[in-house]
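Below, each structure is written out as structure tokens.
Each of the next two complexes has subunit A plus one other chain: subunit B in the first, subunit C in the second.
For the complex of A and B:
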């Protein structure tokens, strides 16, 4: 295998190892503290969940620019549901479960809508989801009257910072280090999606549709159904991510929630080695992409560099990733 | 893993005189297209030289070929339907005046070129509104506009009616008189003998002979082209027992079409006669229209590919790379793609692997690693794989659309053997082919299509090249 192919396939992992090594060398034990490593995974867990869903959409030959606005919309519905039910007699656990279902359901509906217009209206995914980017944000703003919706259920944030204690660990504040629910959900979603992509018929169809929709159609695969399904699945994951984010913040800022999530999610997918042309990609690359972006953000924050440079650094990372992808010979 | 490429052309040396019409003939895969692609700059030769007026020239791309006066007119015309004739003629080298396109000049010049080729339409016509013959004239006008000294034409009459062909021949004679060298590729031997000065025969990438066209005998040329008796090239036909229940029946499209188990039935016709369209309708990719389709005597609804597959119809597409296979996926994944429903929702990967191994053995598919992308396989092996993919659905009828297109001569024979052994096992095979010798050599019977209708059936004793062509072209028996 040529070095260029190796770079395209394992570039993200390679970059992560290099940055990891650099941090260990310069910050040593402080960087390697369990809490810090945990934060690397959980800090952007919501984006991670969305990026994993985005991986399927991009492999199927699509793209979704509406996920950020959709996060705000789903989050708004989630918190409104929480507040509505909090005044009743339901247990906090049931309230949160129900709100999560509402959030996931709204997301799935929004994704279904995107998918239907793309598949049956024969409009480019880019355009349909650009409309969604504007529209879903607007719905969120209307729900929140242009501002923040705060949760009136204190247990919501307890859940946001709850999780599983890592056995035998000792945090800086004494007591064990907690692996947050959001990080667990992120990893579980990645495991499940990777399984679906690589081991199930649906996953194979997703790859086939992205690689060559005509050949897929001739192979008696229902191409449009697969297209709708991946967008709906991504929508549901956006709903899930919105609930995780709402729990962490205990509120939803309808103007700011999910801002640039589409950028981060697509960047993570591309950095992870999934082809923007569709037909090829992998979920774990995306997970590495999310962690890599988090690490870069944190390094800039920790250094003396003006944090306003963050956007530029991200942009450069995305471009480099795409350029490496471009160098990959096409299997045509 | 890389497979050794077949040498498409080997040590061929041909001289073309100025003001000569030079016919290039040969079977599919003989190397005609490769030769023309090299001359027109589409493909680079691995060795050899091209001399123009005695001077060696290098032709790296189409633009360079054009600037040296070599223009190629492809079978599938390279025009932009949405633009006008003038815009197409000047595509990529539009005259400008103070930075803006000079439409007036473009149209005036184009009118001149159109006059030279006797085109009956205006430079302002939209190319999409022209007939195929008209589009061809635009291509020729384009060649005239760059002052081409060498004009290469690939099967120009394949898509033309008889009067249109006549007009083209007159134009070629006129270009010759002006000193243009015309390289004329065609399968139609009679017409090659008629309009060419000399004829070069290619076979298996080698030059067999260059002969004077005056007094050449088409039958002799055919022998030179094939180089072996036809009955050696095709496996001996094994006719199935007659009178069984037909597997497939198509009515409502003119002559009724039936195929019994074990039969290899041809579907002949000119390009655009509606054969592929009929196949796509059988696959549920387009409405069947007035056709009534029965499988095993029962009417079937075919509104999508899934229904067609369930009904037992399998279609091996003429276009492997775009419709037949997923070239970026592995042989295993391709082999099971059409029948993936039999491998569970959570795929049984061991069973998938076993299927691929099995087909590899049974069809003798030469593939290194079954997990590698199939884009590196040769045309013949890709074709076998796309047959395997459909056989895996256990079809009742196997439709093969141009099964040996782009496949080299050795692999062709293997494909014929394969089709025949499938038929012997009871498969009903419908072979769509534009290669008449293939229809005659392989099929038990044949139907002929013209203008989207089945216009005739020819039994084993009636199948001759002339009979098929008469039906296909719609001329009465002589």
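For the complex of A and C:
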């Protein structure tokens, strides 16, 4: 009984430790390099930021399939803003900050739209965001004329690969290992969201709405407002993630940006032990889920395994992680 | 109960271990003829996932060329999108590669990471789709302008300077722009040539089939199709057959898919010619990386051209056998 509960609670962590140990055993020093560990946190930081927001939406009993397309749309607006301002006299830092705000704002608006239609239009979240998946991508493609939008601000890319130098470290490029801004943003967002979920009234309402909307309504919680709020919050986080991506690529590929992010984010949430039925979940599980998914890619690119196996390995890990977490009473 | 869950994990771990050891075997087996002393070079090959015939050909030729250079540790990675490709390149850097051979999923998004690797001293060999900054040590591409010009000149000549043409374009990119604009320049110089339709089939068979279906409905007469890619030509053929319009019309695809080359060789009325754009150019990139590293990067780069443009050839029934590789995947 204790064994099972322990596994159920820390299933994702357990899976991560197993896979981590396996990599240490087979790859040793190459795997444990600081730079490689940095990659594990930073490479999917954008998906991570989105997955953290998705955790709240799923706990509240919703789901958002539109986040990938929304990333492309926000990224397109971000780069267009960058280019518009770059021709003026504004400092690069101010340009990037403003563009990030535009990206976050567009994301929040898109999230609000999703939330409103779901809460007041009484349409299932799956359907509304399925429409968003098609619609937002289309807006991105129109903005980019079907191709990529390149930034005309070289400093954007310096931000994408900039960050905090880890003292005393040596990277393969010669200098110290840089902990990218994107990784720091990811961790900060996780800390903040975890706080909101566990330590604030809003967080308790989110859980209550997901666990039992009727009961929540009877306890005078404004269920629809909470629903709209979690979608808007996720949208804002998508905007933030889009800016991180745009900086890393110094451009946005309107056809390819954010492709399958919704699936990666949902996979990370599920691996992390958040119930798709709502009412239960935790942010740090999601963070572990994101790192676990990154570790799989990392493992495959270290070996000469055909990359096409990656999907199968992912599938197995998702299933195993979810199965070991089913230790709770069967009909919870 | 708890036991079977643990065994599941164990099975998953074993499965992964199996993959790992499998690859170890192959790399040791191929290491027989390596250099007698000194460290072995590590080279990453980063290419797009095989989403159509041509990219499948790229993977095939990357495999062939790396096998032919067993003294180097190769790591071939396929990416579905720029984000994945960036991660793979970053991982390659951490693994300490001496060089990477890159065919970019998209040009602009891959430029910053290529620049970063270049700055870290990694030799960059760029094939086919270029970067937006000169960060590659060597850039190898097919001559896309010649592709457009030669294909259009052939069509004008075969039509005797008169006819109605439909045009299928590829994915918006420098490659597509070069091909289309060069072809259009030739078509415009011939007043008897009428472009009745021009649309993008995205270098994709299904998309080309849809587009061709619409084109056929709108245009009762089409004499020839500039399909610019063999996958698209096959898609267009499906549409023509479905509409019963596959007579008195012919197509010029492109890239030299073996099925199409075979049909040119067999004098198929629908495919009188084809034009090469061989995915095997990735093999040339692989060989170039190996040669530059072996000779010493500093020195070898002094006499290695920065930009190599590969000529493209018109394939006709007379010379088709020289371009027919039945064992190739493409």
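In the analysis below, the second predicted complex is superposed on the first by the 315 of 332 C-alpha atoms of A that agree within 3 Å, B and C clash if a C-alpha of one lies under 4 Å from a C-alpha of the other, contacts with A are read in each partner's own complex, and residues count from 1 in each chain.
Following the convention adopted for this analysis, a residue touches a chain if its C-beta (ideal position, glycine included) is under 8 Å from a C-beta of that chain, and two chains touch if they have at least 3 such contacts.
Note that the coordinates shown come from a computational prediction; the quantities given were computed from them, not determined experimentally.
Asker: Let's test your reading of the overlay: on subunit A, do subunit B and subunit C clash or fit side by side?
Answerer: After superposition on subunit A, which the two structures share, subunit B sits beside subunit C with no clash.
Asker: Taking the superposition on A as described, I'd like to know which of subunit B and subunit C A:10 touches: first, second, both or neither.
Answerer: Neither partner.
Asker: Go through the superposed model and pick first if A:204 touches only subunit B, second if only subunit C, both, or neither.
Answerer: It touches subunit B, and subunit C stays clear.
Asker: Mind telling me which of the two, subunit B or subunit C, contacts the most residues of subunit A?
Answerer: C
Asker: I'd like to know which partner A:20 touches here: subunit B for first, subunit C for second, both or neither.
Answerer: A:20: touches no partner chain.
Asker: A:279 in the overlay: touching subunit B, subunit C, both, or neither? Say first, second, both or neither.
Answerer: In the superposition, A:279 contacts subunit B only.
Asker: Quick one: classify A:116 as touching subunit B (first), subunit C (second), both or neither.
Answerer: The answer is neither, since A:116 touches no partner chain.
Asker: Considering only touches as defined above, state whether A:219 meets subunit B (first), subunit C (second), both or neither.
Answerer: In the superposition, A:219 contacts subunit B only.
Asker: Quick test of understanding: once the structures are aligned on A, what is the angle at the Cα centre of subunit A formed with subunit B and subunit C, as a multiple of 10 degrees?
Answerer: Angle at the centre of subunit A: 130 degrees.
Asker: Measuring by CA atoms in the overlay, how small does the subunit B-subunit C distance get, in Å?
Answerer: In this superposition, no C-alpha atom of subunit B lies closer than 21 Å to one of subunit C.
Asker: In the superposed arrangement, what residues of subunit A touch both subunit B and subunit C?
Answerer: none
Asker: If we count contacts the way the header does, which residues on subunit A are in touch with subunit B in the complex?
Answerer: 199-202, 204-205, 207-208, 211-212, 214-222, 279-280, 330-332
Asker: Any idea which subunit B residues touch subunit A in the complex?
Answerer: Interface residues on subunit B, with respect to subunit A: 283, 285, 304-306, 308-309, 315, 317, 321-329, 333, 337-338, 340-341, 343-347, 349, 373, 375, 389, 393.
Asker: Can you check the complex and tell me which residues of subunit A touch subunit C?
Answerer: 3-4, 7, 15, 18-19, 22, 26, 30, 33, 35-36, 39, 43-44, 46, 145-148, 150, 157, 160-161, 171-174, 245, 248-253, 256-257, 259-260, 294, 297-305, 307-309, 313, 316-317, 320, 323-324, 327
Asker: Mind listing the subunit C positions that touch subunit A in their complex?
Answerer: Where subunit C meets subunit A, its residues are 1-2, 5, 8-9, 12-13, 15-17, 19-20, 22-24, 26-27, 49, 74-84, 86-88, 90-96, 105-113, 115-116, 119-121, 132, 172-173, 200.
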